[in-house]
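Data block below; observations after.
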Amino acid sequence: MLKENLVYDRPEGFTDTPTHYCPGCTHGVAHRLVAEVLEEMGVIDKTIGVAPVGCSVFAYNYFDTDFVEAPHGRAPAMATGIKRVMPDRIVFTYQGDGDLASIGMGEIVHAAARGENITVIFINNANFGMTGGQMAPTTLPGMKTSSSVNGRDVEIQGYPIKVSEMLSTLDGVGYCVRRSLHDPKNIRLAKKAIRMAFETQARGLGFSLVELLSTCPTNWGMTPVNSLKFVEEHMMPFYPLGDYKISDAIKQIKI
Amino acid sequence: MLKENLVYDRPEGFTDTPTHYCPGCTHGVAHRLVAEVLEEMGVIDKTIGVAPVGCSVFAYNYFDTDFVEAPHGRAPAMATGIKRVMPDRIVFTYQGDGDLASIGMGEIVHAAARGENITVIFINNANFGMTGGQMAPTTLPGMKTSSSVNGRDVEIQGYPIKVSEMLSTLDGVGYCVRRSLHDPKNIRLAKKAIRMAFETQARGLGFSLVELLSTCPTNWGMTPVNSLKFVEEHMMPFYPLGDYKISDAIKQIKI
Amino acid sequence: MQKEIIISGFGGQGVLFAGQVIAYAAMDSGKQVTWIPSYGPEMRGGTANCTVVIADQEIGSPLVKNPPLVIALNLPSYDKYEPMMQVGGTLVVNQSMVDRGAKRADINTVFVSANEIAEQIGDKKLTNMVAVGALLAALPEVTIETLEEALKAHLPARHQHLLPKNYEALRRGFESAKEQLAVIV
Amino acid sequence: MQKEIIISGFGGQGVLFAGQVIAYAAMDSGKQVTWIPSYGPEMRGGTANCTVVIADQEIGSPLVKNPPLVIALNLPSYDKYEPMMQVGGTLVVNQSMVDRGAKRADINTVFVSANEIAEQIGDKKLTNMVAVGALLAALPEVTIETLEEALKAHLPARHQHLLPKNYEALRRGFESAKEQLAVIV
Amino acid sequence: MPKELWKGNEAIAEAAVRAGLEAYFGYPITPQTEVLEYLSRRMPELGRAFVQAESELGAINMVYGAACTGVRVMSSSSSPGVSLMMEGISYIAGTEVPAVLVNVMRGGPGLGNIAPAQADYNQAVHGGGHGDYQAIVLAPASVQEAIDLTVLSFDLAEKYRSICMVILDGCVGQMMEPAEMPEMKPVHRENWDWNTDAKMGKRERRILSSIYLDPVEEEKMNLRLLNRWRTIEANEVRYKEYFLDDAEIVIIGFGTAGRVALSAVREARAQGIKVGLLRPITVSPFPHKVIDQLAGRVDAFLVTEMNSGQMLEDVRLAVKGRVPVEFYGRMGGVVPFPDEILNEIHRMAKVKLSADVHPRDAWLERMAHV
Amino acid sequence: MPKELWKGNEAIAEAAVRAGLEAYFGYPITPQTEVLEYLSRRMPELGRAFVQAESELGAINMVYGAACTGVRVMSSSSSPGVSLMMEGISYIAGTEVPAVLVNVMRGGPGLGNIAPAQADYNQAVHGGGHGDYQAIVLAPASVQEAIDLTVLSFDLAEKYRSICMVILDGCVGQMMEPAEMPEMKPVHRENWDWNTDAKMGKRERRILSSIYLDPVEEEKMNLRLLNRWRTIEANEVRYKEYFLDDAEIVIIGFGTAGRVALSAVREARAQGIKVGLLRPITVSPFPHKVIDQLAGRVDAFLVTEMNSGQMLEDVRLAVKGRVPVEFYGRMGGVVPFPDEILNEIHRMAKVKLSADVHPRDAWLERMAHV
Amino acid sequence: MPAKGWIEVSDIYCKGCELCISACPQEVIELNMSHLTPKGYHPAHTFKDGCTGCAICALVCPDAAITVYREVTKAVPVPA
Amino acid sequence: MPAKGWIEVSDIYCKGCELCISACPQEVIELNMSHLTPKGYHPAHTFKDGCTGCAICALVCPDAAITVYREVTKAVPVPA
């Protein structure tokens, strides 16, 4: 096979380790996009990742960068610690919705408010995947989970939190957008957003976060393909895709 | 003196205990307004307050209601615990900006998101009063505190958090407004807002919060009168007064 | 009396339920019993196993290192547990998923084509019950009848119509094992 | 040698700084020294006090129950510490804030009109220094000269111009006390 | 009630319900999640309060709030989650309100793993939170005991206005055993003289707080807690004895380590070795007295735990060097098999033991092969 | 360097700076706040990292992150704040990264008060976080010691890839004493073989985590920690002796309780009573050995603490019942005066002591008057 | 003609913060420098006539130290 | 005429999730039911001609299991 024939190959940002994710789980897609962006920006060598507690707890096995493993929800604090002593490194967290929006709410809000110059990849799959599919702050109204078996009753179990909308009210936030991983077009847009988020950091323009609507075929009890449909039909209407905050300086960035 | 001569008297919601607040500190005004509202609504007898850690740690000494004392920042969680088992009681927290917006961010966001049927009186005095005036999440850009002696540098120390703006993005919030305690007119408006917040709770209409711009003459190093001017001239432009969220059901309330 | 049983196989083979049914039957026979799943790194997919201990008296360890009774529903399980077994123990092997013979002569190995038998009965999911039936041939403390009762009592309502097929699976497994054990003995 | 001093008064009377100056002077005289504020419920307003211990050897307890040396700048302090004092100790009382005489005869009570003297010198804030001067009359381990040196070294730059007045306060207090102590002895 | 096959975690949940649990606040974590999931269904069914909190920090403070009103309330978690509750637990202790907390312990430190462990003994028994306080700590070894001790935990918590913890390892949480549930106790609110459930026209207002700004007052409060603890020590020690009458070697182990030891003890007895087992059920208050007495008549002790020897030190405190105390532990989620403990018994029966070297050091040498 | 009058908290802050502190993360709390305030000015001045975190939870995890990169980092807090750090501490221990944490202890449990106390001894020494780990814990009794031990804490933390805590009571934190600062050490980054500071073209990637999903691997990690701890125990025990040579009664106390005891000892010696003092400087590793030796030749011990007798149990473990161990404690922020301890010495010199009743119980009886 | 009113300032509660002084539309309040409260503050008092009983001073007082009275002439709403 | 392309699916990474199958605009991918990967999955493969090398399958593959090739005819941008 000739080099010039190659259209797409596994990104260099990845290690050889196969992921432990369930078949068709779009955590894998999000991983791949991050790896591609780091490769394209040529920053693999100076990147330090912070893995969360959640299904992506082993994220550190898959990226060819240094990695640390945070306590549940505390990745933004760890990332702050790292970035403050190593300001020339690229530091990112990769967090699920239980991790970021439930237990880790205090840390993410404050990292954002401080304008901490880190990048957050936020995987919203509307449940706690790792512990067996319990209700997350992002679980849709009426959605059944292992801790809301009759469907989330918002009157008793509370309303879902729209993370991007909430965080974009904070002045420290440079870049905050929501994308989805459910079809090729949206995956491309997601990758562009991830790129922009890392560029924001590389240029020192403040806190950047990309929220990605993602699937959990296992706990949703659906095939991977149907899970993508669920994202499109149920999650997207509730969690509108869009740019929630892009600071003027970041709007200037051309890539 | 005839009863009919009486125009204003110390509210019954208060105990006889003089407060420990510094002279001119508007924590006292906020207290008085809450006491007046509880009295006017006739709910003193069924109210349980939750005191924070902060200058108002001894709030429990002043109101003639049952009271508990929360760990720093956790008042909304304690209030949740109380309200869930005593849904017919009136439960409120009284919290400072360090308590609510710094260490207690996770708890307040989630109580709000859950639409927890409690009332939060939130005293924004732009610093940690009790521990000697350190920077709070609400400290204004450039403002000097004992942990930002050269004035808050937002690039390094982060941007202030606008709590009402942020929380009003949450669906569980019924009532969320910002008022000020710096002059008679605004004090009257603040009292109306506190009344509305408690009415929201009494009618089961969800989470209610009144943010009150307040002074800290001691740590600001100003006379009480000048502190009121500081609120008007510096805090109000940064923290605009207004109704950030009033649900439709609450708008119907007539008092 | 104390008997320890390990049941092991792939995730979807009904390993945990098989153990529970034995545990129910033992309980209904007035025995002490413990059932414990292996839960661990391999939570998602991979092999699953559980340990059932049946005894007359208060049970100590719910886990066992050298089991006298094992059901291995697939090759990895067979490979793993054969060397661990107690001398003289009985190992029920699902021949449908295994392409080798016994390596140990000091235990009784019973080969049952559990998949085939289950398919013959008309439900692939009965593989586990065929194997359980086979095990009963070496576990006199639990009779086929109590096991049937246990199944009846504990199969979820929506599966109750499958009871006759479950019974058949048990008996086919039992017969197959009894023949082999008769030869061995 | 070990001497313990408690200095007590209202919040704004410069109690803590008075203790620090003595501590500096003791340190500069090559002594061991500890200074500790009372911090507690009465953080905001109310009375303030600090304890200074001066010794030749490693100091044990930085707090003392029965002090031999006390400065009481107001009545509550006087009331509080008079009964606690060691027999034979010296208690400097700010007569300007106190309207009663001594209750104990087994200690030396020195009355100094610290406020008046300070005002005479021209700065009400020097009350504490007048009292410190008075104390020195009973604390031979620290000379007026070292205390002046200490003041010079540690008074913030913006107050350095006040040094002469501080010196005067010290000496006026010292003189006043020496007279009284001479009588007592 | 007839026996049913119950999974440990679900049994605890149902037992709590039957004991009159009015509110549960928790956060998912393996291997405890079944408690939360079970109650997420069961509590609303009964019209009682269930909240999946935002975190363990949220959960313990919801517990704290509800506890102040005087109702029966609990949370459950596993090791890392329980660490997050330390401040709250200290507050609950300092406020003297009753609350129940279940810790289904897993391998640590840090994120560790989800396998069964007993390494939070010290945290529970010797105070993981700040300040002087003692928690009542119960350690079930079977599903039936998990049920019984859960019920007991509410009674003890209320009786002594204390935090009461049930600590079990993942084995007991995940295991199924036949067990009998107690009758359903109707929820009834006691007329406490301390709870803050609002005046309601009936009484003066009440305050619940853990502040005692004056050290002397705080010291009095500390003394009150300590004296109460002496009563608890006098009345509430529980343990189970096996073959102790003529035992020359006594094994001490709690929870799963204790029941694994039971298998080894039976085997050793079958071999004619005079060995017995003491299984503490309350690890706090600790059964010091019975160990003290045993130390006067037996030849040696073997402490076995699924940690590095935490309870070991409490045993050594009781034995006071009179006879050798040996240790055998497995850590990090490894559950010992009976034969490992049997080996230790054989070793102890053979060689002359010394009380000089620390048993942990000796054990570490023996573990060099791992 | 000439001696200067330093306040304990500020001295710790400056000592850390001189030891090469590259980052501080903390949250205000009395009586520790001066550490944070001092560093909020000092660190930026030197171009080093200072963040006032959103909470202690945030702070400890910022410390954890920075520690992973291999730089010198610390946090400080006081009792309730330290309780909030328990999960993070367990993670730091489990990841084997060096970090320093200062606890200026106050009265508790719960919110308690801001007066000096030593009631977090157990939390620090016996593990307040989940899982098996040990922290190195240093207990200064003076401002100079606070400086020296702060510097030492960074060295020890790095040497053993361990969490190292400095625990002091509010007295030492608020006190001023003449003290000598060490020279300013230039910040220099070591070439560790474990830190995650990015590959930077020089090496393979590195991971730092506390997960060991396989229990056997976790057990190996636990054993590694334990064996390291044996080295620490062998090499790093520190204590100070006073008048021990001919002592018949030995007092043991750390921090302020230890120095208050010194005053009592001097007084007793002046009265001809043969009493000495052992002041542990490392409370973890604990000076077991020297106490063991003393127990062979002295008549009795008196443990004195500003808590209910937490270190007491460690002393009793070392003494093993050979001679009586008595206890005298004050709690809740009360600092004992020397005469209280002198009274105890007199009592001990007079009456015949028994090793039978628990010293805490006996003390509680004596405290009945409070 | 404005209503005639008067106020009482509690010695127990007043801390002499002067907020009432700067808020009083009639400018009839000042600190009583010849009196010290038990807590050591100079309390507020009216030093001249002109109080209308408008209760604005009570509205701004952080210590609920002021009781306001008025001659009953016509109905005036209490401060809300 | 569309470009001619082809793909390689890695046995190590593919988990048979079928996302590529449903995404392929040419509908040339299916699971290979006659082959099991070491992890026990039926992997994806192209079962007929028509692949254009558009790389959409690779874009949606969560396991980065697909390598895409194309005959070099004209420049086509790689998926961004």
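A, B, C, D, E, F, G and H label the chains in the order they appear, each numbered from 1.
By our rule, a residue touches a chain if its C-beta (ideal position, glycine included) is under 8 Å from a C-beta of that chain, and two chains touch if they have at least 3 such contacts.
Here the structure is a predicted model, which means the values were calculated and not measured.
The minimum number of touch steps separating subunit F from subunit H is 2.
Between the interfaces B-F and A-H, more contacting C-beta pairs are found at A-H. Farthest from subunit H in terms of Cα centroid separation is D.
Averaging C-alpha coordinates per chain places the centre of subunit B 40 Å away from that of subunit E.
Work out the mean CA point of subunit C and of subunit G, and you get 88 Å between them.
Distance from the subunit B centre to the subunit D centre is 44 Å, each centre being the mean of its Cα atoms.
Among all residues of subunit B, those that touch two or more other chains are 22, 57, 69, 71, 102-103, 105-106, 109-110, 114, 137, 157. Those residues of subunit D in touch with two or more other chains are numbered 40-41.
Touching subunit A in their complex are the following residues of subunit E: 27-30, 33, 36-37, 40-41, 44, 52, 54-57, 80, 110-111.
The residues of subunit A lying in touch with subunit E in their complex are 53, 57, 69, 71-73, 98, 102-103, 105, 128, 131-132, 134-135, 137, 146-149, 156-157. Those residues of subunit C that touch subunit E in the shared complex are 20, 23-24, 27, 32-37, 39-41, 43, 58-66.
Across the complex, subunit G meets subunit B through its residues 5, 10, 12-13, 15-19, 22-23, 39, 41, 53, 55-56, 58-72, 76, 78-80. By the touch rule above, subunit A contacts subunit H in their complex via residues 1-2, 4-11, 14, 16, 18-19, 21-29, 31-32, 35, 183-184, 187-188, 191-192, 217, 223-225, 228.
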